[in-house]
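Going in written order, the chains are labelled A, B, C, D, E and F, and every chain counts its residues from 1.
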């Protein structure tokens, strides 16, 4: 605890994910007063064909 | 707001996803009285090996 | 299938939820070619203290 | 009902998923007093690059 | 790992939840070959006004 | 994008949530190179009766 699920647009690098996990864990520890061993982070890569906003498929908006 | 996550069986076409996003956004706007720019839709493709009902793996049922 | 989870801001009426479920089910049936008995919808009420955008707690933005 | 989502580390075999679905359905039926036809199970495969604990990316820990 | 989220209809007793957690953990350990200390279970109580199937709000069906 | 869902144990203060949202948004912007207006954060309060680890209900462990 906490358990943190982050949906990001597909295409992030491993280094970006590494930084995200390291720094989000630090924020969780400092704001919630927990030990880093209790912090779990899940990343979900969202494909452009599986995301829509404003009524449009993102892969269409992105063209 | 709203944020709408739709789990569908794998194999939907891009055109089906485009229609789903366009029409679900319209329903959200009309029933919840929000602007389409506030509506986000996420589609999750469910693999037949990752779905079970009635105690059976869907890829077994589907044979 | 499909399974549809809709996060809405707290305070929606039962009638709004009833309409949302009826009409989203219809859209799912027509775009994905499934029977209404296969469509499941879950609504999640999001409290203003549990939602943030642009770095701000929504209950602060809403003041 | 119930709807059960199980995040597992990538690499599980189809046989493991088959057993998981069969036996989790049985537990749900017995503890919640529902019919197996009402139990739905979703499995999510978590990639090692998309999982972090203790501030570290799992694919780094695993080396 | 695994992380297991179970949506149940509101109204389950603490004893039912206790049994669900104990037995689902056991199934996870035996089918996935993990230690019980690695198994996390989250229960979500679904209100009848927040659940729909077959195009109907569950609180209407339940009358 | 990103969309970040944080499950925390019930009982966090509004000030803790405010800090969590502010600082997680900042981390998302810096690591993923996005504008803060694109960052959405959802907090879920987990009740002790709805959380289990090591086969035990958390409300039992906590006694």
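The rule is short, and it goes like this: a residue touches a chain if its C-beta (ideal position, glycine included) is under 8 Å from a C-beta of that chain, and two chains touch if they have at least 3 such contacts.
All figures in this text were calculated on a predicted structure; none of them were measured in a lab.
Using the contact threshold fixed earlier, the set of chains in contact with both subunit E and subunit F is A, C.
Chain centres here are C-alpha means, and the one lying farthest from subunit C is D. The most distant chain from subunit F is B, comparing centres defined as mean Cα coordinates. For the pair subunit B and subunit C, the distance between C-alpha centroids works out to 12 Å. If you average the Cα atoms of subunit B and of subunit D, the two centres end up 20 Å apart. Multi-chain contact residues of subunit F (touching two or more other chains): 3, 7, 40, 42, 46, 51. Taken in their complex, subunit E has these residues touching subunit F: 14, 17-18, 21-22, 25-26, 36-37, 39-45.
On subunit E, the positions that touch subunit C within their shared complex are 7, 46, 49-57, 59-60. Across the complex, subunit C meets subunit B through its residues 1-9, 12, 16, 19-20, 23-24, 27-28, 30-32, 46, 51. Interface of subunit E with subunit A (complex): residues 3, 40, 42.
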